[in-house]
Amino acid sequence: MIFLIGLAARNLARNLRRTVITSVAVVAGVAIMVLGWGLVDGLDDNVLRAARTTYASEVILRPDGYPDDGMRYPLDEAALIPDSLRSELDKTGAWTARTVFPGRIVRGSESQHISVWAYDSATETQVFDRDGWKVTGAWPAPGKTEIALGSGLARLMELKVGDEVVIEGRTRDGAINALGYTVAGIVRVDNSSIDALGVWMEAATAQDLAQLNGVRTHIAVAPKGSVAAAKTELSGMGWTALTVSEECDDLIAMNRIRRKSIGTVVVMIMLIAATGIANTVIMATFERIREIGTLLALGMPRADVRALFLLEGGIMGLAAGILGAAIGGSAVLYWQRHGIDLSQQVDEVGANIAMSTMVYTHFSWLPLLLSLTFGVAIAVGASLWPATQASRIVPADAVKAD
Amino acid sequence: MRNFILACLLVLPSVAQAVTVDEVLAKVDSNLTYDTRESSLTMTVVKSGRTKTYKMHSYGRGQEEMAMEYLEPARDKGTKMLKKTDELWMWLPSVEKTQKISGHMLRQGLMGSDMSYEDLMESSRWRDMYGGTVAGEETIDGHKVWKIDLTAKDTTVSYPKRVIWVDQSNYIPVKQELYALSGMLLKSWTMTDVRLIEGKEFPMKMVITDKLQAGSTTEITFDSVTFKVALQDEVFSTRWLER
Amino acid sequence: MICQLIGATKVYPMGDLTVVALRGIDVGVESGEFTAFAGPSGSGKSTALNLIGCLDRPTEGRVMVDGRDVATLTDGALGELRAKRIGFIFQSFNLIPVLTAAENVDLALRLAGVTENRAARVEKSLVDVGLKDLLHRRPAQLSGGQQQRVAIARALVKNPAIIIADEPTANLDSSNGEAILDLMREMNERDGVTFLFSTHDPMVMGRARRVVRLKDGAIVGEERRA
């Protein structure tokens, strides 16, 4: 067997150019698979990170029946936090409550639909790392009619710190209200859906606008102990608790679809690769009919002849797979460290997705090994037919072939 | 005593007019509803410097039923709307689906205009929603009008405050100002070009101006109006939407 | 008798036609012979050689090798028989291009199942054919005559019962051809190696001790010399 491997390797080296050209598709397929996988895993991380650091923390609670699609924020479904839940929350760990409601920001002849994020600055910092957010200017000062704008919204409306705006909204009961505010700061929390259309204000400030009277739409909890236990303990008190990963289920399901489409692309590339490999191995058998005849004449078993050509395909697949995995893996490692900044693209298309504009790929060995195996399997599979044909040659004719 | 006299002086004018706000509102409400009505109208929306023009055909019956079809522009042709009592449906030809408009969606402007679906639906229910006082009498375009300050009867009314100017001769609210809870002026709404159609006075033009967003106005002009037309029940059914 | 054809007939299909390459010939080769199958191309000499070398099976008749009827053997057993008992020299040398001279020779030993002392045997056989200094050259780095010497060493190294050489000098110039024949003859005389070769070259026939003449698939004559 070692001898056959050596022989196969030498045959491949002899036709190096052809081997390399044939292998390119396998290299590409494996590299794309590894990179794509790393990217989608990275997107999973990204979605979780965006949720965790900007609105959900580890466990998020919403009033029972409140929509969790992140698209609608009906204030009439906001609820008071019952005392029983409050004390349970205190036991569980740090928590902060927010009220998100729809509104409209107007300045001059421009207006834009927004979501107002009313927060309680006293508890907010216990749950969220505000230092991780990029703030231009300052957070609204308590007691003043000040707001902070999401960075995307500020850009869209061409607003700066110090500008005066009007925010129109509805009270919880449904009456329209409108008040003037000063832009104190511009905040980038690195969650596109908040940054694109969010306006931040103190819950006390929001009281005047929306007559909240204590109702909240979200509670973000950073439990001291286990997340699952916290979820269980906080359930059943009129509020629905989700762990951050449950919260991101929908987006992660989208990533599963992405993974599938990458898989489809990879399979297509691999089919092209398989055609190339089959072609190369067929060419090799045609070119080497006399050699095959000689090996058979010298008494080499037909199975070994077959193995020889399978090995040639397999080694090609392995080498190309290793190269592809190395290229894909390096790219994944590089972007895991440095990240891919999508902010420009997100701004251009005005995406409103609950994810960070910084995507860090996620390196893991599984896709590397799987894609490598896949590459080798494809290569061996493609060589199967020509190799079998080669082993069936009649030596008497073959030894005289040109 | 002096206070009493002052109070009498303040109250007396309205007594002298022999009119109550409730009466006026009842007349306004009934005046804006008809047994049956068929009309063609043009809506011009000006926003952020862009102008869009829509042409519609509409049918109405009583206070509760209204059906409307968009004819222009080509992009919105075939879009239909049906209002029955408190419910509103839309048919969008692009998705070939009937959609019920409810909740927060009612708060959106009709085709991006300054008139929300809610405005459309509340237009003849003032008597239920508001109470108020006659603030005085004025003359607008040679007509004597009452200026009436309205305050919402409960906190769920969209516009907590309204000031309306009602023509004393025909009870048409020729001018309105709509206010936010804070007292900030949100919209103004005028009804002009009153014509006598089949013995009924009817405003052929409405202009709604967004007072928060500069340069945002919506103008609705009735190109033709007929009353007492024979309308089949089918017009006010969801089947009509999908036809 | 090492090898024997008994009533051997070989028919090849060629499209709709069939070509009769051998018409029931009887011929045998004894140990120590230096025999040529002679005849023009198409006479059936190569087919006869292929049957004796177990590279092909007869359509009718029998092939006996070492007293065994080849027809009873499986493809695998036939391969093993070739590997152990029969050496081949081809017209076009047929060395494995990616292997060195020594590796080509070693391949024959390996396929014959020899595990011991291979390196020494390889070296000795290459020295015997006069390629002492060219052990690690690849075929492409050798002349035609040198390549055919490697092929002889490859056939010889496993001490086969018979070496079958199909037109061994046809691709060589006359001096190289003669040298190859000299080498074969020398091995035959000195070590008693049995050679069976085919040729249409009168010079080559002149070197054979026994010449079996074939024409149109049948034996038409036989000569023996001292």
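Here are some notes:
In order of appearance the chains are A, B and C, and numbering begins at 1 in each one.
The rule is simple: a residue touches a chain if its C-beta (ideal position, glycine included) is under 8 Å from a C-beta of that chain, and two chains touch if they have at least 3 such contacts.
All values reported here derive from a predicted model rather than from experimental measurement.
Among the remaining chains, the Cα-based centre furthest from that of chain C is the centre of B. Distance from per-chain Cα centroids to the pooled protein Cα centroid is smallest for A.
Remark: chain A and chain B have CA centroids separated by 49 Å (rounded to whole angstrom).
For the pair chain A and chain C, the distance between mean C-alpha positions equals 67 Å.
One finds 110 Å separating the Cα centroids of chain B and chain C. Within the complex formed with chain B, the chain A residues making contact are 72, 74, 102, 104, 106, 108-111, 166, 168, 170-171, 173-180, 208, 211. Within the complex formed with chain C, the residues of chain A that make contact are 3, 7, 10-11, 13-14, 290-291, 293-302, 394-396, 399-400.
Note for the complex: chain C touches chain A at residues 46, 50, 53, 55-56, 75-76, 79-84, 88, 90-92, 94-99, 107-108, 110-112, 154, 166.
Interface residues of chain B facing chain A in the complex, by the touch rule stated above, are 48-49, 103-104, 107, 152, 154-160, 180-182, 184, 186, 212-216.
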